[in-house]
Amino acid sequence: MAVGGCLFSRTPMALVRELLRQRRHGLTLARNLTCTEGEFLMVAGAAARIVTAWMSIGLPWGVSKILRHFVESGRVALEEWSHLALGLRFRAAAMGVPFLPTLTMLGSDLMDVGGMKRLQDPYTGATLAAVPALFPDVALLHVHRADVFGNCQIDGYPHMDADIARAATTVLVTTEEIVGVEETRRRPERTVIPGFVVDALVLAPFGAFPHECYGLYEADFDHFADYTRAIDARGPAAVADYLERYAYAPPTWGDYLDLFGGERLALQQRRARELTGE
Amino acid sequence: MTDVTASELLAVVAARELRDDTTVFAGVGVPLLAAALARQRHAPRLTLVIEGGIIGPEIAPGRLPISTNEMRAGRRATMLPGITDAFLLAQRGFVDVGFMGGAQIDRHGNVNTSVLGTDYWHPKVRLPGTGGANDIASLCREVIIVTPHERRRFVERVDFVTSPAWLHGDGARRAAGLLFGGVSRVVTTLGILGFDPDSRRMRIDAVHPGVSVATIREHTGFELLEAPRLAVTVPPSEDELAMLRALDPERRFLG
Amino acid sequence: MAVGGCLFSRTPMALVRELLRQRRHGLTLARNLTCTEGEFLMVAGAAARIVTAWMSIGLPWGVSKILRHFVESGRVALEEWSHLALGLRFRAAAMGVPFLPTLTMLGSDLMDVGGMKRLQDPYTGATLAAVPALFPDVALLHVHRADVFGNCQIDGYPHMDADIARAATTVLVTTEEIVGVEETRRRPERTVIPGFVVDALVLAPFGAFPHECYGLYEADFDHFADYTRAIDARGPAAVADYLERYAYAPPTWGDYLDLFGGERLALQQRRARELTGE
Amino acid sequence: MTDVTASELLAVVAARELRDDTTVFAGVGVPLLAAALARQRHAPRLTLVIEGGIIGPEIAPGRLPISTNEMRAGRRATMLPGITDAFLLAQRGFVDVGFMGGAQIDRHGNVNTSVLGTDYWHPKVRLPGTGGANDIASLCREVIIVTPHERRRFVERVDFVTSPAWLHGDGARRAAGLLFGGVSRVVTTLGILGFDPDSRRMRIDAVHPGVSVATIREHTGFELLEAPRLAVTVPPSEDELAMLRALDPERRFLG
């Protein structure tokens, strides 16, 4: 299972929440920079393996205590690839080829972690790393707008969602807004995922909250601070309580958002506009 | 100098390492802060590349990003190519300098941000991981590391090579298949370290004002060489400090 | 030498004209779909080899008589790659790797023309074609707008210019418009070539004419018809006369455009607006 | 039927081969015209992919493009990914049907649009080349060829395999490394040709109204097999013809 966005940006939180509610377990999560959603999946017992380049909430909160707890005890396997290498694994799959050549990771101990092979350039004989394609069974993505045919547009930095969508067998997308196809045709250069790649589309305003969505709302850093303070005090049990409150208790996504409150959402919207406005 | 903190000194000295008209892949934290200072003070045409897939942003004073994937890091960017394509520009040789921190660093400049302990799958301490550090270290024309100088960070041999510099020295980097790059300097809170061009072992190139070679050795877990001519860092100017402090008024990264 | 755009779209005609005026010869031209500019370079003796997937002006005008004349007589070598394979040759170079794996061209006689090698996927042993990177010495490109730092934006279909720019050692760009960097920052998602890739930038309004520039002016099909009629009557000599009139005689790009006349240019602008407007 | 031209018949019959809710990589000329007709008549959710790097355009009546890289081909597109990425969507398996013409075609469906004559570098006739035809033939889930039925086009063995179908038959296509696809049908001005599932040799699947098997054989330069049950094409309806003629009022492609 691949999760779109990156770190606390455009994380498909409504879809992650649904996954938790369905009490899935034994999943492999592939995401380049893994944030709170990775901790949720660890604590809920949903993820048995995480394929990633980095995991923490962000620099100010240091090394994730949840990561340390689950990985050092061997309960969750953390398969580490470099940021680019993992990006190229998605891109190879998106291109429909079993591997892509790269220079990155050569010489490092990361080569052995995921079993990266080397090969020779058939023209010059130079040594290259061969990044194996990663074809996720399912991709979870969150986008700014999509039309009824599933054509998706993303504003700002696109992260790796376009490659992840092409790489995965089944693609589930939440969107901030559903628009008419006329709107897609008006700005075709903004479309990053063609409709024929998407399997299911769901309207979910604030679908990444408390993570950010470029131009629409900033990540809720105060919320992260409260969350990590609770972990500092009580460890994984704090995350279990958090999941009870935010994932399992609220029946709908609207109820979930109500826990944050309209004022908080509006504030984060204002901050986003300030940062991306003229 | 008495009113200059170690982080401030580190950021100011690191900023001086960057030249104008270059492309710099900067990690968040002190490296990005120092790059922003360089852009403001002496390198206005320095182009920042950020691993969130962002090119040419203008970091706003008081709004330093805490990650490479957020609106503060993307502010007023000139291009948003996405993560993979930003790194591929480096692989093609377009990025002059990789500018990054490091948790554990060895005498050949290799950095570990993955695991402490010898068994990767059962580590003593699990660190956050490479992120883009391996890619920056592998693909930029030159890498400059910015780090506090602590003995536990400077080790003879890292437990795990997350980001390759000169590997075990000599031609090891080229032999591994990396076409260019390597760590040229390590800027610390005590001095500036370079590498002996033959053995690629770390050496002291400069000491900060008031710091002795002995002090540096004391805070380093392996034997450092010395450059033929040792320099002494010019103290941060009022000008540099004022600009730096204005960039991080909440002292998120200056501590 | 690689030429951007594709067929009669966004061809850097002002740069091609300058190349002709400098009486270059012995060049290799790499362009995916080659149009009138390829004929110019053949007749002027500038191109000794053309690396392409297809060469003709367009379906209604049939097989290029100039192509037949120069290639059948062996005076110009036509090295044919599939459209995707040549695109991947530029992309491999743009990515900084010596080759890219692909399925395309496998089994066809095109494999032998340019010396494509096969390789085995190191993970599954499957057979793939290895497309060799193409690093042009020079790229000639035409874009919609660029700022003084060389950041280039293209409207509509992007063709392969982004890859060609990264692939080439030296990148020369003409632009319809030079804008302030503020304009670039206002729409960063439209930037396809970062300034640090560009070596020289020249303002050249109608810089692709009589070829098209998306949204700004349509290709001048009547002009193509006159041109091919002359070739039907007089063969390569007609192209030599054409070059005399359009390439060598007019001292400046403005003088060149005057040969078409403001009315013709305005008409092609109107047609473009009709085709791409709301 | 008396007032139906060969090109009109070809376009109408070709259009019927396309199903709704599919993705179709269409070449300019009669294939694109037929695909536009299919979209209008029975396949409104058919997504066109055009090799100029264009997805989902709506071709306007009277404004048929003459190339794959122009505003008429890009009109009202839903996405503009660029040429390479459009083809890569096919390589990933997202394109159901490749819909293209062909200059010279052999009994295994292989197409030549490169050179006539046996020496590639000194051809008797230099043709325009593959363009995207090789890629469409290599990478789409299924390929349908649309072509006038002339004896000089249907040859025992093409001089040069530009676009591979079944190569020399049997498992040759898979053995070459192509994972899927292959030509399923050849729609001509005389009938519809398929391929024997074992030998992958061309066979007659259907004849157009008033056309005999003998006539088809006469216009074919190799021995054609026959399908177990031969169909007869339903003549174009008034409806189909009216829509088709409205799409190409200047008869640029209908001749």
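Brief remarks on what is shown
Labels for the chains are A, B, C and D, by order of writing; each one numbers its residues from 1.
One rule holds in what follows: a residue touches a chain if its C-beta (ideal position, glycine included) is under 8 Å from a C-beta of that chain, and two chains touch if they have at least 3 such contacts.
Small disclaimer: the values here were computed from a predicted structure and weren't measured.
Touching chain A and chain C together: B, D.
Traced through touching neighbours, the fewest hops from chain A to chain D number 1. Ranked by how far their CA centres sit from the centre of chain D, the chains are topped by B. In this structure, the chain pairs A-B and B-C differ in their number of contacting C-beta pairs, and the larger number is found at A-B. Rounded to a whole number, the gap between the C-alpha centres of chain B and chain D is 57 angstrom. Computed from the mean C-alpha positions, the centre of chain C lies at a distance of 27 Å from the centre of chain D. Averaged Cα coordinates give chain B a centre that lies 41 Å from the centre of chain C. Shown for chain D are the residues in touch with two or more other chains, namely 74, 80, 88, 91, 139.
For chain A, residues touching at least two other chains, in rising order: 96-97, 102-103, 118, 126, 128, 156, 158, 189. Contact topology of the protein chains: irregular, matching none of line, ring, star or complete. Of all possible chain pairings, those that touch are A-B, A-C, A-D, B-C, C-D. Of all the residues in chain A, the ones that touch chain C in their complex are 96-103, 117-119, 121-124, 126, 128, 130, 132, 155-156, 158, 186, 189-190, 278. Residues of chain A that touch chain B in their complex: 5-9, 32-33, 52-56, 58-60, 63-64, 67-68, 71-72, 74, 77-78, 80, 82-85, 87-88, 90-91, 102-110, 112-113, 118, 126-129, 156-160, 162-163, 212, 214-215, 218-219, 221, 272, 275-276.
Every residue of chain B that touches chain C in the complex is listed here, in rising order: 23, 45, 47, 55-56, 58, 74, 76-81, 88-89, 91-94, 139. Here chain D touches chain C in the complex through residues 28-29, 51-54, 63, 66-72, 74-75, 80, 82-84, 87-88, 91, 114, 120-135, 138-139, 160-164, 167, 172-173, 176-179, 252, going by the rule given at the top. Residue ranges of chain C in contact with chain B, taken from their complex: 93-97, 147, 149, 151, 166, 181, 184-185, 188-189, 191, 194-197.
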